[in-house]
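To start, I am sharing the structure in question, which I have written as structure tokens.
By letter and in written order, the chains are A, B, C, D, E, F, G and H; residue numbering begins at 1 in each of them.
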Amino acid sequence: ARTGDPEVVYGAGKTPDQVVAILRALHDKHPERAVLATRLTPEALATIGEALPEATLDPVARAVTLGPLPTARGTVAVVAAGTSDAPVAAEAALTVAVHGAGVERIDDVGVAGLHRLLGVRDRLAQADCLIVVAGMEGALPSVVGGLTGVPMVAVPTSVGYGASLGGVAALLAMLNSCAPGVTVVNIDNGYGAGVHAARVARQSAPR
Amino acid sequence: ARTGDPEVVYGAGKTPDQVVAILRALHDKHPERAVLATRLTPEALATIGEALPEATLDPVARAVTLGPLPTARGTVAVVAAGTSDAPVAAEAALTVAVHGAGVERIDDVGVAGLHRLLGVRDRLAQADCLIVVAGMEGALPSVVGGLTGVPMVAVPTSVGYGASLGGVAALLAMLNSCAPGVTVVNIDNGYGAGVHAARVARQSAPR
Amino acid sequence: ARTGDPEVVYGAGKTPDQVVAILRALHDKHPERAVLATRLTPEALATIGEALPEATLDPVARAVTLGPLPTARGTVAVVAAGTSDAPVAAEAALTVAVHGAGVERIDDVGVAGLHRLLGVRDRLAQADCLIVVAGMEGALPSVVGGLTGVPMVAVPTSVGYGASLGGVAALLAMLNSCAPGVTVVNIDNGYGAGVHAARVARQSAPR
Amino acid sequence: ARTGDPEVVYGAGKTPDQVVAILRALHDKHPERAVLATRLTPEALATIGEALPEATLDPVARAVTLGPLPTARGTVAVVAAGTSDAPVAAEAALTVAVHGAGVERIDDVGVAGLHRLLGVRDRLAQADCLIVVAGMEGALPSVVGGLTGVPMVAVPTSVGYGASLGGVAALLAMLNSCAPGVTVVNIDNGYGAGVHAARVARQSAPR
Amino acid sequence: ARTGDPEVVYGAGKTPDQVVAILRALHDKHPERAVLATRLTPEALATIGEALPEATLDPVARAVTLGPLPTARGTVAVVAAGTSDAPVAAEAALTVAVHGAGVERIDDVGVAGLHRLLGVRDRLAQADCLIVVAGMEGALPSVVGGLTGVPMVAVPTSVGYGASLGGVAALLAMLNSCAPGVTVVNIDNGYGAGVHAARVARQSAPR
Amino acid sequence: ARTGDPEVVYGAGKTPDQVVAILRALHDKHPERAVLATRLTPEALATIGEALPEATLDPVARAVTLGPLPTARGTVAVVAAGTSDAPVAAEAALTVAVHGAGVERIDDVGVAGLHRLLGVRDRLAQADCLIVVAGMEGALPSVVGGLTGVPMVAVPTSVGYGASLGGVAALLAMLNSCAPGVTVVNIDNGYGAGVHAARVARQSAPR
Amino acid sequence: ARTGDPEVVYGAGKTPDQVVAILRALHDKHPERAVLATRLTPEALATIGEALPEATLDPVARAVTLGPLPTARGTVAVVAAGTSDAPVAAEAALTVAVHGAGVERIDDVGVAGLHRLLGVRDRLAQADCLIVVAGMEGALPSVVGGLTGVPMVAVPTSVGYGASLGGVAALLAMLNSCAPGVTVVNIDNGYGAGVHAARVARQSAPR
Amino acid sequence: ARTGDPEVVYGAGKTPDQVVAILRALHDKHPERAVLATRLTPEALATIGEALPEATLDPVARAVTLGPLPTARGTVAVVAAGTSDAPVAAEAALTVAVHGAGVERIDDVGVAGLHRLLGVRDRLAQADCLIVVAGMEGALPSVVGGLTGVPMVAVPTSVGYGASLGGVAALLAMLNSCAPGVTVVNIDNGYGAGVHAARVARQSAPR
């Protein structure tokens, strides 16, 4: 792509066979680069696993890569509170790797357990960019943003029910964060956060 | 009132003279009890100050009381992050006092400054009920709720702009709090939170 | 948990086997305490029933407990109008019991049948905390709140169609209740109401 | 008008002089009939009072009539809880009178004071149509609808703040009323309720 | 019921067997009256057809009646534009009949075909109450309301897609109708419209 | 402009002096063309009237033109129901003229008075494009669209209150119109409708 | 139809057999004209293919035609960015053809690839009307509108997730386009755009 | 502040004297650093200009700084289309400078004038971070994001009317951008965008 990014296939609304065909075509054109496919159904994952045995499957992220990952430059820390947000955090982490930055996963650090969060403070500070994933009330980015000045992207997730309005509550909370400099992407958009954070991390790493 | 609560005048949409008249009538009927008037304009506060010199004015809360406050039983801690939320916190605190419970104010403890919050942990734990006031992303109740099991009422405020939607973002966040047992009242409704918390505190105090 | 509450498993989005595994692990760690699992599918209930025969199943509440319930202190009255709201009322009631308070169920008392409601007035007044569950127009908390000054938590349910907007209509009604001191939790959140009410009831009971 | 109704001037967005001119023109054409003007500013009311001394001013309803009212047939009871809803109730009542039905006002009967409401039960039952006006949580129509089978129109008002969303909360509540047969008009639309109720009352009265 | 209405079973969320059991119980108590069950699934309709052969099934209305209909007094005209709105119109019509008024169906009269509408003008004028059902832009009540002064209830339906927002577009249109006296019920609520209209028609008919 | 359209100044948020300066600069550059300024406050209109006496003021449209209007080709009929919608209809009409098409005004034709509408059917059919302006329930485009197959642009206005939601009700109605081929512009956007309609009319007129 | 348009069957909510029956009846009445059926399920397409072998199936558009298409006059360019929007673009294109105008498809021209868009500038300029289809952020109409003054209809699609709110984000974007003269239809309403554009194109073509 | 950022005073809701007092106090504590105050009314700006003559006023940004700006490291390009968005762009630019990065302003580049945008492509590519400001349909970030892979923060503004919903339309568009890696801040939040972008630019510049 014109922007220098790897090719990415958005799997939603495509049949397993369509995804396989696109992946194969992109991979054949540039076998030296990684291709990423996201938002895959279990059926698509299975079909890809059989049709493209050299592909790497990430069932939690509902995604696959095909071709060698680029050398990592810089580090993105992907922070998440709970297992419900795991698919979005995994999509973000894989996207970061495919876009050429290193990934540090920091899981199980919710706002209701501040001590675990305070315990990872150094790891947060050492990253070049943070991706903070949270559903329900979406409070985690505000708390993390009070602990460090590392550039941060917040990802609201659709985890919740009733007044969570499919993730809108978390989205609004993040947009209104009192921690300065929090930027936000669409609900469940681990991919978009990963692209931004990888770009920031790569250019922040000493060459 | 049938529920045993003091009389409260809702000042919004009433002229200063109307408020004075209602206050006077309620006070004359039961001079031994406190009457509370809320949501008063600066003009109403001034008019009451002149017409009812024995009234106690609380300009931050935009409220007045007339008549002796009841003896306090139990303690409600009113927690707020910033000066912007002060009017709502003050309305809550005054309402608690008028409804017969003691008030402990804990100010300046936002989610972006966790150390101040951790420093007041004991004061939170010693209260019989908590009122936690927050605008913007409304994250404070979740963080406080992770620190203590004291019953809590969260009050979203209309502080913010744009996607805060007049307080709806904070309201939704609080309704989706991952801290268990957080209950919520209407945006800016310090009064309602005060009534609930005072009831809880009073019945929790050993007789 | 740090707040002194029992462990609770949120079953939504977990497989039956995951729920069984988590329940078993928590129970093994503290066999002397109750563990609660909520939002269980019929499949999860069946799987648990077979895998953990000592668990107590509550199919109406879509929940199970494992381990002995704590001794009850204080009383929470759970008030609901109709059979449609039964699952939410049952989740609230079971949560109260698991969190150590006694439960009094008051069913079949809707706003359209005032006489039944007036008939239970004494039972309402004797409770330490009320949980009032209602869907559709969510009017029941306002009416109950006019009958008694006992602390109340209102639970809107998603029962309704069209302009009920999945429970948002009932939620908004309860947030705007003209009865003072009504606090509100998320749509269908019997669990959250139960935690708050049990805390209030326990600390209100004479020791 | 083709439907047999009197002419009504909607004052919002019109200058006082425009309202006077339209009233005068309509009155000159049919001096034997009443003309109604609603939604008048205090300035418009004052201008009309001077320019059309034979007009009858209703400052609470923010409305005037010019010309003789028709003979009343049938009775509409206009029910409202509080003083805040008075302008809407007054607009409804005046509209009923201008459209040829008798008016019975039942004030001060809110859902938080059931005994006053039960005390007016006979007056409700004797009306040919009910108009029930309520703001905030909009619960009154549900309660009244449980007491009587008289046809009812519910009018939500914009009284409230925060999550009342300018009357939308009351509107939604009324649309979801569990009392059967409640019909609803736009927020603050006392006029529309009055037209419907007067039509029902007139045709219900024995000729 | 206290209001003199027949018993009605709301079938949504009930199993076929539950509906059969309730219908049977209500019918046994008062075999001389009609019982109505609405919002029935095809499965419930089939089960009822077998278990209660004396019940009358109305598959278009997704409803059944059991027991003799009351003698009709007065007439309600049920007006609808298209086949998509037929289930709601049928629910309204059957509800009217069960509540003791006569029904006149006027179908296939949409706003885009004014001549058909003008052709039924007399039939509209002769009714005691109108029920006007419309989805999508919900314009039909405004046009009908310009043709006649008969009391009208408008029923928005969920027919449409995209910006119809599940019937909210039609609901808002009807609440803002420029035709005076249009009252509105919830989206798809043919039942509620039927109750109101039958009450109006019955009391309008000469005794 | 690159698209061949005349220059248009959007007056909202600009001071009267700024508008004068921009108008003068654009006029000096191309004195042979018309410049249009819209959304002018009364103050801006007055200032322009004095500073640019050769400008033509249209106070109803809250707009001015400077320089000669182009020769009209083709005809746009601007249809509106009431006086409240007049400013938007006037903005549309003036925009059409500035963009080189002829204007036919058809006023006072609301959905509640079908006979006036049927009386202008021929004038509608002879236009090359229709602009239909309506507030409140926004029903007029559907009715007009049933009478003629001329291309139509519908303009919702912010006229209304309560559930009109500032014009959103009319906007949604028009987007859901059952009349085929109705296209819609933003609320109160007479300008945008005028540009589209003038383009259609100009290219439809025989050269 | 009265407006001169061909008959169109809206397939949503109709059984395959119903669609076949309606198509056959309309075709028998006017075998010399085309009939269009839209929003067909795969089952309906299959049934029609068997029952009406002379029908032309368009599986991408989820539509069929029966009978000869009219001679095309004028040209509509249907512009779309991606494969996700293909069904809506295809519905628009087929509708244009059925309504008697020629179709020019311009695919694969998104806002993120400006050079492809600049490359089709001449083809855009030669059309008589443009239909621009876009989901997600709905930016394409603004960019196209800056390149040409040809009359344009924008069609938002429901492609997207999270904050796309089922197409509402794209709809709002198009309604607020800074390109003058963009008109908009309902989400996914390729049909409505096609009717408008065909009318414009036909009357723009020299006779 | 703990995060290493300069102190910033949020002027909204503070009196001019309060702002002066806070600025003075913060400046006295650290005269070697810059303090920033935003969201100042014209009155506050005037009062500060008199009371703190050494302060630097930025009336377009509605902001002031006091104390020396830090040495700039790295470059942030602030991109905006029109004069209406100027205040937000200026707030962003000043915030960047106060937070220690260099600023490059790129104005007058809207989506409707692609050639100006293509002409600044090199300047975009040379920045370390982009801030793209846009109101109305919020399309600019998508187009810029197709031209370059530089990390970007998009700022929706409240410029627009009607269906722009106070900036919500632009916000939603940006959240749904098809350009990968676009992150978003609250409506009109130039400050938040500036903090994020300055952090990214500073750490991207070679040390």
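To be clear about the criterion, a contact is a pair of C-beta atoms (placed from the backbone, for glycine too) under 8 Å apart; a residue touches a chain by one contact, two chains touch by 3 or more.
All values derive from a computational prediction rather than experimental measurement.
Colleague: Just to be sure I understand: going only through chains that touch, what's the smallest number of steps from chain C to chain H?
Modeller: Tracing touching chains, the least step count from chain C to chain H comes to 2.
Colleague: Quick one: which chains contact chain E and chain F both?
Modeller: D, G
Colleague: Of all chains present, which has the mean Cα position farthest from that of chain C?
Modeller: Following the centroid criterion, the farthest chain would be F.
Colleague: Same or different for chain G and chain H, when you check if over half of the residue numbers at their contact belong to both copies?
Modeller: The interface is built from the same residue numbers on each side, given that over half of them are used by both copies.
Colleague: Nearest whole angstrom, what separates the Cα centre of chain C from the Cα centre of chain F?
Modeller: Each chain reduced to its C-alpha mean, chain C and chain F end up 57 Å apart.
Colleague: At what distance in angstrom does the C-alpha mean of chain E lie from that of chain C?
Modeller: 36
Colleague: Chain A to chain B: how many Å between their CA centres?
Modeller: About 41 Å separates the centre of chain A from that of chain B.
Colleague: For chain C, jot down the residues that touch at least 2 other chains.
Modeller: Within chain C, the residues that touch at least two other chains are 2, 113, 145-147, 162-164, 168, 171, 175-176, 186.
Colleague: Please give all chain pairs that are in touch with each other.
Modeller: A-B, A-C, A-G, A-H, B-C, B-D, B-H, C-D, C-E, D-E, D-F, E-F, E-G, F-G, F-H, G-H
Colleague: Quick check on the complex: what are the chain D residues that touch chain F?
Modeller: It comes out as residues 2, 12-13, 156, 158, 166-168, 171, 186-189.
Colleague: Under the stated contact criterion, what part of chain G meets chain A in this complex?
Modeller: 84, 113, 159, 161-164
Colleague: Over in the complex, which chain G residues touch chain F? Could you list them?
Modeller: Per the stated touch rule, the residues are 2-5, 8, 128-129, 145-153, 171, 175-176, 180-186, 191-193, 195-196, 199-200, 203-204, 206-207.
Colleague: Mind listing the chain C positions that touch chain D in their complex?
Modeller: Residues of chain C touching chain D: 81, 110-114, 118, 136-139, 142-143, 145-147, 160, 162-165, 168-170, 172-179.
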